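Labels A, B, C, D, E and F are assigned to the chains in the order they are written; within every chain, residues are numbered from 1.
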Amino acid sequence: MISRYPVPEFATLPDDIKARMLAVQEKAGFIPNVFVTLAHRPDEFRAFFAYHDAVMLRDSVLTKAEREMIVVATSGVNHCLYCVVAHGAILRIYAKNPLIADQVAVDPQKADLTPRQKAMLAFAVKLARTPEAVSEADRDALRPHGFSEEDIWDIGAITAFFALSNRMAHLIEMRPNDEFYRMGRG
Amino acid sequence: MISRYPVPEFATLPDDIKARMLAVQEKAGFIPNVFVTLAHRPDEFRAFFAYHDAVMLRDSVLTKAEREMIVVATSGVNHCLYCVVAHGAILRIYAKNPLIADQVAVDPQKADLTPRQKAMLAFAVKLARTPEAVSEADRDALRPHGFSEEDIWDIGAITAFFALSNRMAHLIEMRPNDEFYRMGRG
Amino acid sequence: MISRYPVPEFATLPDDIKARMLAVQEKAGFIPNVFVTLAHRPDEFRAFFAYHDAVMLRDSVLTKAEREMIVVATSGVNHCLYCVVAHGAILRIYAKNPLIADQVAVDPQKADLTPRQKAMLAFAVKLARTPEAVSEADRDALRPHGFSEEDIWDIGAITAFFALSNRMAHLIEMRPNDEFYRMGRG
Amino acid sequence: MISRYPVPEFATLPDDIKARMLAVQEKAGFIPNVFVTLAHRPDEFRAFFAYHDAVMLRDSVLTKAEREMIVVATSGVNHCLYCVVAHGAILRIYAKNPLIADQVAVDPQKADLTPRQKAMLAFAVKLARTPEAVSEADRDALRPHGFSEEDIWDIGAITAFFALSNRMAHLIEMRPNDEFYRMGRG
Amino acid sequence: MISRYPVPEFATLPDDIKARMLAVQEKAGFIPNVFVTLAHRPDEFRAFFAYHDAVMLRDSVLTKAEREMIVVATSGVNHCLYCVVAHGAILRIYAKNPLIADQVAVDPQKADLTPRQKAMLAFAVKLARTPEAVSEADRDALRPHGFSEEDIWDIGAITAFFALSNRMAHLIEMRPNDEFYRMGRG
Amino acid sequence: MISRYPVPEFATLPDDIKARMLAVQEKAGFIPNVFVTLAHRPDEFRAFFAYHDAVMLRDSVLTKAEREMIVVATSGVNHCLYCVVAHGAILRIYAKNPLIADQVAVDPQKADLTPRQKAMLAFAVKLARTPEAVSEADRDALRPHGFSEEDIWDIGAITAFFALSNRMAHLIEMRPNDEFYRMGRG
């Protein structure tokens, strides 16, 4: 089972959802289960991926690998298997580093990262687990690394979106595709 | 200040965002700050409200007041002022109960609620703060109250969306409109 | 129900307790439930209000509103409905600010307060929830705001008394009077 | 130093406070530091001991030793040295058991206690640390041991008073008299 | 760097430590860094591996894979990169399952395990993080799965040893060999 | 009962374990229960005491009393009765201070210790409870007190070993000998 909930037949899906799935299949070679399982509710599916694209694909000083680091680190502290495994695979590929995902998922502050990346992940993890505790001092810790206020929004918005995503994955017991576990391990 | 970030001039906004703001203004008499502040990033704005509508407006066994209870209770444990105050106002109005929002924000298990509503909020609060700890036993506690698996998705999806929303509000230090504090207090 | 425990008939109460109730009724227009419910045990009632007066009425650099801020902030983190609602009302009145109580109850560090008041509440909240963690560094953070050692006792003593008060309210499930919810909202 | 704050000269104290100190000195052979240090503020001193007597000396199904167990167990989880050491001594004496205080301070659920006493301390420790989490289930766990609603008030009121007391001791860094450490050790 | 501390030259090591390293190298094809880094202190090295063998190699109803599950699950909650990566590799090999280690490290209760294995890991994780909270009820939850008191010792002793091991790895910032990340991934 | 598990007859024990017990009996006048209870599993017994000796008896800048302080402080936060009581006794004797053990067990930062000892215990307690949170800043806090990297290993290794020991004591419900409670109290 890849979800506690019914998984719709592909043929029965609305055209826009079919198209999105075919596009990812062409790129990845398979359809990640997040598409298949969330398609149970088309409106939530559409909003979910619109939000995903808005925060993950926008122009940003954060590299693609850095965005995935935020996903993996915050999903790690949220114990979200789907996001750790699926985005861990993507992180390995973007970073061209077969070790980085496990490091970031387990203990980001001891991973093979730059001080700037560690600062970024410290902020993201705090916002992920205790959003009420984020203070001016936490923002101040980002600034020496060159992060602007807009960059902090980028970091925070990815964290916020995966706070949602991790909870949906726990809620429906979303299972990562077997393919993800090995991808990018060199 | 209603946000740490720049607030766009209304005239400069894309038409769809203008339209959404005018619609809410007509209904509420003012534009809630969540619209004004998130408009700084139109793509995130659109995804945010699409998601909001998908989980808050869909057909559900949850009444409108019950959905707002989930928002207020989970925003309470996340110490999110914007959502407690703004959705507290909406909850008072939908529930036609001037006391209920403060009760739910501070201590839902002692609020003037039905056992079914208390069970719903216990599940939501757990998913909000420790999503990894949600277990079959937590779902089992909902079933005697008549909640189906689909109803549990409804509860969980609202919780997940406001996990995102609370973090965005903390991130940008979103300030509730003064109007909300008094609305629905009888 | 305003308490899990029996609430004594006014006529059966000792004279000093009757007098205290009549005095507050004259001032407030109603008798707050903390008086009515604690009167179930006259000796504890007397000690409770003697302690209350000793810390809340004594001469202090803390204004009346600031003392209530401490009550509301620490009762907020203790999820004590009675104290948040009743003292929130008093805070709104003393501060002549209809918004302040909800802000302080939910997230004091983002409330419309002075840096001095925020420092005071950070100390109080830490003493309220993890008294063992209060260190010299926490006292040092108060000093630049002009707080003397005696002022710190004032802050701490109010916090300590409401640690007791919050636990009594949870224990007996003390219910705030309906009147408090709307008081001072302008 | 027995307190961060000035300790008044005995001769300068109000008569009622002097009398209280002399009475305890006659009984114990020395004046416990809680009397000496709190005398810095006579009104708080009076309220403190009035409250103490109201909860610790009242008629109750709880034996004197059992009341001290509540003090020691809750002060243990609050890491309050004064109360663990001073009330530990009193507990050893009342229980005529030289081992019991260290057991209760460190790990009450594995102490040489009856199941009824362990249930009582589980309730007290929960109210002490997370008062908001106390639920009907926690009360239900006390009932098979014969605790009535009034007995639960007794347990809770002692816990609440020492929530105050522990915070005052941390606040002023109250030091236990050396005598207490050895008392009742057989 | 594989440790914050000096790593001894192989040639300078005592013979028994050399022999142990050569034995593991013959079996694994490389020397895991736990051997190389702990060799900085030969007496601790010897005690460490004697303890390891006593709990990991002894006759037990726990299979080799189940023992490694305990290591991976408890190291996961302790965020110990070395143990998650190195013992994750061993777990994949023993269990002949390329997916199991990531599942157990991130969220054991949703891993592809038997109910008996999930019960075992729930006990281990609780002992790992909050040893003081382990109660008779936690042991009772193991018994329907056929675990005897001796089996519970086995589970607990592995957990206890890796409580030590995780702390040593954090202390010296022990780095897993690159080889481990890919082993057993099929 | 001194353990949940069978306690072997002395006569049935292997000679090396007998010898170790007789040696400690000669020195202490009785056999501490940790020897008697762990003898149920001779291999674990041998590894346990080999590790104990490796960290507690090695040459170090830490005095014998300071090593015991680490044991007592970390066992205090782990609520381990055996280690608090048994090592508390040893600490009193080594430090020639009848008060120190209770102070260190309950609240090390307010104990009669040097700033250097308090810094040492702050590091140990953090490693004991949240090993993943130990950072460079925590090491930096030790350096002004003259602790070298090797000294930090000493502190950490003792902490790590008693993380194991505390869990074993909780697991088997190891009971301290009555003698320990009074030893060294002057």
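Quick notes on this structure:
The rule is short, and it goes like this: a contact is a pair of C-beta atoms (placed from the backbone, for glycine too) under 8 Å apart; a residue touches a chain by one contact, two chains touch by 3 or more.
Just so it is clear, the structure is predicted and the values come from calculations on it, not from any experiment.
Chain centres here are C-alpha means, and the one lying farthest from chain A is D.
To fit its Cα atoms onto chain E, chain A must turn through 180 degrees, a value rounded to the nearest 5.
The interface with the greater count of contacting C-beta pairs, when E-F is set against D-F, is E-F.
Although chain C and chain D share one sequence, what matters here is the overlap of their interface residues, and that overlap exceeds half of the numbers used.
Chain centres here are C-alpha means, and the one lying farthest from chain B is F.
Averaging Cα coordinates per chain places chain D and chain E 43 Å apart. Spacing of chain A relative to chain D, judged by their CA centroids, is 50 angstrom.
Chain centres here are Cα averages; for chain D and chain F they lie 29 Å apart. Counting partner chains per residue, chain D shows two or more touched chains at residues 79-80, 107, 132. Across the complex, chain E meets chain F through its residues 4-5, 41, 43-44, 46-48, 50-51, 53-55, 58, 78-80, 127-128, 131-132, 134, 149-150, 152-153, 156-157, 159-161, 163-168, 170-172. Within the complex formed with chain E, the chain A residues making contact are 76, 79-81, 84-85, 98-99, 102-103, 105-107, 110, 173, 178, 181-182, 185-186.
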